[in-house]
Amino acid sequence: MSATILFWAVTTAQIALGIAMVLALARMISGPRAQDRVLGLDTLYNNSMLLMLVFGIRTGNSLYFEISLIIGALGFVATVALAKFLMRGEVIE
Amino acid sequence: MNRLFPYPLLIILLIITWLMLAGFSVGQFLLGTLTAIIATWGLAALHPAKPRLRRWDLLPRLFAIVFYDIVRSNIAVAGIILHGGRKVGKSGFMTIPLDLRDPMGLAILAIIITGTPGTAWIDYNSARNILILHVFDLVDETAWLNLIKNRYEYLLQEIFE
Amino acid sequence: MELVLSLGIGILVGSGVWLLLRPRTYQVIIGLGLVSYAVNLFIFSMGRLVTDKPPVTQAGAQIDPTTFADPIPQALVLTAIVIGFATTALFLVVLLASRGLTGTDHVDGKEPDR
Amino acid sequence: MNLSPEHLVIAPVLIPFIAGVLLLFLDDRARHVKAFVSVLSTIVLLVISILLLCIVHTDNSANEDRIAVYLLGNWPPPFAINLVLDRLSSMMLVLTAMLALPSLVFSLGRWHKAGVHFHTLFLLLLMGLNGAFLTGDLFNLFVFFEVMLAASYGLVLHGSGLLRVKAGLHYIAINLVASLLFLIGVALIYSVTGTLNMADLAIRIPQINEANRTMLESGAAILSVAFLIKAGMWPLNFWLPTTYAAAPAPSAAIFAIMSKVGIYVLLRLSLLFFGSDPGFPESLGAQILLYGGLATISFGTVGVLASQTPGRFAGFSVLISSGTLLASIGLVQTEVTAGALFYLASSTLAISALFMLIELVERGQNMAASVLAVTMEAFGYDDEETENEEIIGVAIPRTIAVLGTCFAACTILLAGLPPLSGFIAKFVILNALFSPGESGQMHFIPATLWWFLALLIFSGLATLIAMSRSGIRTFWAPPVDTALPRVLLIEIVPVAALLCMTLVLTIQAGPVMRFMEATANSLHAPRPYIEGVMKTQSAVLPQPMETTE
Amino acid sequence: MNHAADLPIWATLLIALFLLIGAGLTLVGSFGLYHLRSFYDRIHAPTLGTSWGTAGIAIASVIYFSVVESQLVLHQLLIGVFVMATTPVTLILLSRAALYRDRTENNRDVPPLHPLRNLPQASELEQDSMATHKNAGEEQK
Amino acid sequence: MNSEDLLYFLIALPFAGSALAAILPANARNTEAWLAGSVMIAAFIIAAGLYPFISEGEALRNEIEWLPGSGLNFTLRMDGFAWMFSMLITGIGFLVVLYARYYMSPRDPVPRFFSFLLAFAGAMQGMVIAGNLILLAIFWELTSIFSFLLIGYWHHNAAAREGARMSLIITGTGGLCLLAGLILVGHIVGSYDLDSVLAAGDRIREHALYVPALVLILLGALTKSAQFPFHFWLPNAMTAPTPVSAYLHSATMVKAGVFLLTRLWPVLSGTDEWFFILGLAGMSTLLLSAYFAIFQQDLKGLLAYSTISHLGLITTLLSLGSPLAAVAAIFHMMNHATFKASLFMAAGIIDHEAGTRDMRKLSGLFSYMPITATLAMVASAAMAGVPLLNGFLSKEMFFAETLGQHSGSVLDGMLPYVATIAGAFAVTYSVRFIHTVFFGEKARDLPREPHEPPHWMRLPIEFLVLACLIVGIIPGMTVGPYLHTAVTSVLGEHTPQYSLAIWHGINTPLIMSVTALIGGVLLYLALKNYLARCEDGPPGLSHLKGQHIFDRMLVTLSWRWARWLEESFGTHRLQPQLFLVMLTALIAGSWPFFGAGIDFSSPILTGIDPVFAILWGIGVACALGAAYQAKYHRLAALILMGGAGLVTCITFVWFSAPDLAVTQLLVEIVTTVLILLGLRWLPKRVAQIDNASTPVAWTRRFRDLMLAVGCGGGMALIAYKAMTNAPLSDSIARFFLERAHSEGGGNNVVNVILVDFRGFDTFGEITVLGIVALTVYALLRRFRPAPDSIDIPEQQRRQNAFDDNHPDRSIGETVHDYLMVPSIVMQWMFPFIILLAVYFFLRGHDLPGGGFAAGITLAIGILLQYLASGTRWVEDRLYIRPVRWIGSGLLLAVLTGVGSWLFGFPFLTSHFDHLEIPLIGELPVATALFFDLGVLLLVVGATALMLIAIAHQSLRSYRTRSADTEKTGEED
């Protein structure tokens, strides 16, 4: 029973996150402006972080936690750099 | 002492972080303390403006308020997205003059505003201490003004100034 | 899964190769990036695809090698990632230097004759 | 420190590494100290390389195969990485050190001042080369290829400048693709054999089942493409003359050995992996090496004739050399391999000398210097590196005569004319092709051999035509306004030293060829190599610690 | 699902609930990102995922591992904290960049540089924006 | 000392003398001459002294092993024939040295001259006494090289340079062909030893390779001896100083070809091929060159063509294959050497004294220099074949031989007529030489007032002419025995009966001689007036100069065609190169499958997870999108590439590789920032729809697309095949999994592999990273931005202008406001990131993480500060010395490795233990941790160095820009 519920919950969550990633990708591709694409990438990062967390639950293995941690703590650096490039034309002044 | 432990509160936060990461044990506590001290040296090297926490007892209250607001606004924004059309007619910019000046306080305010769905910190003018927000559901501008000024800024001013 | 991944690798390679054959240095560096992903995945996949068997053993436990993913391709990929990172950085700087010295971002250092 | 002789095997990797790293702690202004350290370590490297060669080969050991295996991390073969010293690798080590010392000394004249970290890059290039020659592991070979290539990128770009950057861009792009191919090849081979150790692969490959065989061949073929790019086989070699011509002279001089790394690997791996297959000499792979080699000689010949600058000329000479070696390897005959090894040594020395010499000669035309000057001026900020360009040593008298003599010697070497080793090299290959006496006696000689013969002769001729053309123009009919090149003693001595080495090769051709024959024999019959590696035991501990086996 | 069968049902239900809340909010947020028309509307959408989307799934994970490992495992919460702290940074920077770009392109839907004043006239906007700002500044003085 | 050992001295003396001569001072003309003369005379005496040992038909042999494995030994072998040549080389060599002492101007750099001359003599000597075919080829090529140097001696003269180069190329080519031919002979015989070869005549002639070997050897001989059609280099070589011509082009160098033909005559001759090739070449040379000689206006030119013609005569004789003809050939070699050397010297004296060699200007010199004139007349008579002179004797033998039947072909039938006509031509040019130069009215407008040369300068001529006379009158008593020894040594048991008498009675040869004499004189008389004025070269053929044809051919072949071929089969462009590389790889990789096909029958498949499929849908879209956008929308392409990287990263997680995912993700972040840093310096690019929409461009794109599809498809197929292949049971992976914990002290097998089992790979890998960082740094120190990207970005300009234009704002306030909140967060993230780095580092051995991940994390932390607050702000506070980090990291890594030596273990042997620490408990400590720490330090240093070096460019170009502005004044 537990297993079934958990299986369905995890599967549903994963599929939902997968679709969420597709939507983020759609924004990345369609733009229209660079800031939209960056926002899309940021969302994609976040969604995949969640996907990895769910994957951890699915496998019952906490080894995959680091990847989520890195996305959570450091993933924003790329986005920051992109945003700063848009704003200042230069990443590091 | 000040050179060894430049940011005591930060060290505690770091030790807690370490223990959350590595698990709770005496060994990890010692290791975490050591790491935390080294890590604060890293920050000290940058010597950023040192925040003065005047009323740290108000912090839990702030967190509680924010927690609640976030839950609420999650529901609200999700609802609008699911029910609304492609263009949300009610969204818009609004300008708020601030009284809060402490950078750390401003940073926390920005995190709260932006982290909460439905409001976004767009622009800040330090000379005039003016904040431009984008609000997703700008039906009642004064309600938002009230929220920011009285619910958050007030508390932050208490804490930091 | 194998089919999905191999198709993915194929398309990464295809896109990368296409870009490698383009005339602008920036296209080439993006192409190198894409092909590098594909090659890393390729090396990785040589250890076969196994889900949830990371090669992290339990202290003191009896070790059954079949219950772990092949660690060697993983170690190789790690080395390849690092080297790929280094060379990408180098290529980037060289393309910047080339752009600075030649004034163009064409891979040959001059705009093609029209 | 317990420096037992077996640690000597890894010394060629560690010495340049440690020296190069230590230099990073020195200030850039301590240039003399840097020069001293790097020259000293290169001398030590040369001595150790020669010692290592003496370990694996003495004149009365010509018929036995001595190898030394070094187990990194003390893990038993075939699981982890090991270094294998045999005749071929020790010969390549000696050759590398023999090129390195003159190139390095040459750079002290002016080049090491043209940019930062020259000595470190140079020493790490040596580390990469030596590692590639020593390693007995396929993936570790990749790593050392990368070390070597990374350092070579740095050395090509050393001093910056339009030509170097343009050439460097192509060089890097192509080698990056080659590295990716290398990885694909290694991965495929691992996927069907489950091992990376070369000796272990040599055991496993013949036992592979039919289905996996195709995969293995595919992997080996992709791997070979990577090596062929580095070896400079036509049509994968257009980058080579451009890059070598653009590289600073001392870099190009040491690069002479780099194209030989590809050759080395092809020779070693093809014979190790497939040499036991009696059908190998007729296989497609061998044929491709042979015909590709011939095509490369042809292209090199054409290029030698068509080249307008001496630098490109020298680059195309590298191609001729590569082509000759590839075709020789493709014939898969012990005698030819022995001849090819001699040729490898001779042509590498000659090309290295030529690259340095060209720079000295061109200095009269002041080309390289002006390119450098433009770059430095163009971007405003003053460069501390070039401020104190004082003269080290003495400018030599009769410069033109000395340069002319060296140029003539290079011509003779590259064209394969007597009395220098270029002739002997060509002769031993030709002689092996038509191996006289016993087994020879073929009344029918296949067309490819005729082609090979014709191309060898014609390439020599083309070299003669092209070099006499430019030599006469440079030394006999100098334009009126050419200034006498300012050549320092420490720049010409390395060139002369390399040329003298070719003279030594000529005079000592007998013993040298005996060595090459012994080397070729062990390459073509690698059983002792394989067994030697696989039987090596981990060191047992003096004090109790968990051991293997 | 190594240990799924051993989980007590209350834990399972809680986990499932938080998982679905988190994933659902994230999906809605991403849908908003895709669906909404203006950039400034769109920046609100992903915060669903970074706030309660993340929190939901992190809590689910905390419950799961705490129950399975029979000890309090909190490290997933750290992710939530980091996300909470860093997401605003990216959003602030991005929206500021968007604002800058919109202003230089004289996009009328964004607030002016001087929020206490009225929007400048369209004719002024066509001119060099810098000149406009200069005038505005002087007038204010 | 043995007489055999003296052979070495014959070679060593000249070379040693050459080396000595080279280092003497430039003005030591007399010392040089003394040195050279002594060497020549010493060698002459040694050679003469060896005669007793070879006079009985035995050969003196001496051998040093050189390259025994390949049959090349330093074998010297002197028999009668070689002895004869040795005498010519040293004897005439001595005379030439004597002559040169007076001929060379004090201003000439004589050390070089005598050095080359002696070296040439040594090479020639070596060639004649070489007892090994390859050794012979070696000395052969040496003569070409030294003759090149001698001909080009006066290299300020363009004609000398050209002449030298032509001779080198032609004789050098011949030499290479000869080498090939000799190798074939060696292949047939099984040895290069001359004795073995000479004993294997029948085997050689019957062998299938006889013809190729013959052709190659003849190419060598004919080019060297300037035989038609390779003759034209010789007249051009007349730019050499006359002593050189006298030596090389009469007695030695050009004789090498016929020497070789004679040397191998016993084994190669007597076949149809031999006769036809050699006969045709010899006869045409004989006739044509004699004809050409008549019309030369340059004295030396006339002598050069005459030389060619006489060599043709010798070649013809050798081609006949009869022993008697061979005797005649050998005899004529000697005779020609004597009279031609003296004639060259005479011509040199005339040139020297009169200042010109143009026969149109020279006239009536007899009255100025009667003795020289007389000597020249005698020598010319010998050349013309006048009785009582040596030339007559050998020519009579030649005429006699032409009459015999050799193959019964047309060529054979023509031979007597050709010989007679050529004889007549020889008379004509000889008469012309004498008559034009010495007789007639006195020349008036000569550059110099001619008179007799110094006596010592004339002495060599006198000596040689005396030899002509003595040999011509009493051949049997003088040259007879020596000739016999030479002939016997060549022909052995086939030596025929012959007599060297002057008078054989009235026979056909005599009639031919007389005919030639009379005909020649008549021809001269008929042509006399024409010749006095005509252009250089025979009528109608003067424009058909071999030299021009050669030059044209050389330019066409070695330049035009070569360049065309290089352009056609090579490229300088990157795109075609990459295309070829990848096409080759595609073909190479798929080739094995064409034979075997692909078997999909028993794949091991895991079921498709829909989420994973969605994931790769995203990955694929990102890849395609990046490929599509990279040209015009760089940022979009970068973002999409980031998406593809993320999918790659998740795939690693999905299939059990958390370490890879961690590393990939961190590298991904740094790479993105890195590329963004670079993006600032790239040119603005706007989409141009019409750009390159030509059919050619479309074809190229289609071609590229096909290759991309091919490569992608190929990779997909191989990957699929490999992934679905049954896993191997005996992979070495097992070893690592089993021992990672027990012997490596870590649970994370991948990390244990990286720092321990295969730590050497990591050692190399960090070296690569370090090298690249240093290179990036070095290159960027010289970075020069393109003019159009030197300005600060538009955004900053606008924002600064805005601040500038507002009195209540100071410059930089906009950016300060903009970054205020983010930079606070980013600063306060710093300690947390440091903490994360330590965490990753410490747990790496047991769990995902490790030194590399930790290093990058730390570098990202530093990078974040740069992003937040700018370069200056950070560098005012953090004093990062990345190069030191790099150095320390690498040093720590290597020291950890070397540390194991202390315990007698190989490099990188690790040790681990479980330390019992109070309060903390058991802590595994492995030496590998130190190694990993080295990795960490290096990664931080390298990453920081690269990022900072690029970031600094903005500052540097800012500095340049302000310097420029100061110079040019304020901008608008």
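Letters A, B, C, D, E and F name the chains as they come in the text, with residue numbers starting at 1 for each one.
FYI, a contact is a pair of C-beta atoms (placed from the backbone, for glycine too) under 8 Å apart; a residue touches a chain by one contact, two chains touch by 3 or more.
Predicted model only: the values in this text are computed from it and were never measured.
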- prompt: Moving only between chains that touch, what is the shortest number of steps from chain B to chain C?
  reply: 2
Contacts common to chain C and chain E (chain labels): A, F
Message: Considering only chains that satisfy the touch condition with chain D, which of them also satisfy it with chain F?
response: C
Query: Which one of the chains is closest to the middle, using the mean of its C-alpha atoms?
result: D
- prompt: Among the chains, which one keeps its Cα centre farthest from the Cα centre of chain F?
  reply: B
Query: Quick check: more C-beta contact pairs in A-E or C-D?
result: A-E
Field: Length of the line joining the C-alpha centres of chain B and chain E, rounded to whole Å
entry: 14
- prompt: How many angstrom lie between the CA centroids of chain A and chain C, rounded to a whole number?
  reply: 21
Task: Please report how many Å separate the Cα centroid of chain A from that of chain B, as a whole number.
output: 22
Cα-centroid distance, chain C relative to chain F, in whole angstrom: 40
Multi-chain contact sites of chain E, meaning residues that touch two or more partners: 2, 29, 31, 43, 50, 75, 78, 82, 85-89, 92-93, 95-96, 100
For chain D, residues that touch 2 or more chains besides their own: 139, 143, 146, 150, 153, 157, 160-161, 165, 169-170, 173, 177, 184, 187-188, 191, 196, 375
Field: In chain A, residues with contacts to at least two other chains
entry: 14, 17, 19, 21, 38, 40, 59, 61, 63, 69, 73, 75, 80, 84, 86-87
Statement: Those chain pairs meeting the touch criterion are A-C, A-E, A-F, B-E, B-F, C-D, C-F, D-F, E-F
- request: Show which residues of chain D lie in contact with chain C when the two form their complex.
  value: 139, 143, 146, 150, 153, 157, 160-162, 165-166, 168-170, 172-173, 176-177, 179-180, 183-184, 186-188, 190-191, 196, 375
Chain F residues touching chain B - in the complex, by the definition given at the top: 808-809, 813, 816-818, 820-821, 824-825, 827-828, 830-832, 834-836, 838-839, 842-843, 861, 865, 874, 877-878, 917, 919-921, 923
Field: chain F residues within the chain A interface of the complex
entry: 610-611, 614-615, 617-618, 621-622, 625, 635-636, 638-640, 642-643, 646, 649-650, 653-654, 658, 661-662, 665-666, 668-669, 672-673, 676-677, 679-680, 792-796, 799, 815, 818, 822, 826, 829, 832-833, 836, 840, 847-849, 857, 860, 863-864, 866-867, 870-871, 947, 951, 954
Message: Applying the document's contact rule, which stretches of chain E touch chain B when the two form their complex?
response: 25, 28-29, 31-32, 35-38, 40-41, 43-45, 47-48, 50-52, 72, 74-75, 77-78, 84-85, 87-88, 91-92, 95-96, 99, 110-111, 115-116
Message: With touch defined as at the start, can you tell me which chain A residues reach chain E in the complex?
response: 1-3, 5-10, 12-14, 16-17, 19-21, 23-24, 26-27, 33, 35-36, 38-40, 42-43, 46-47, 49-50, 53-54, 56-62, 65, 68-69, 72-73, 75-76, 79-80, 83-84, 86-87
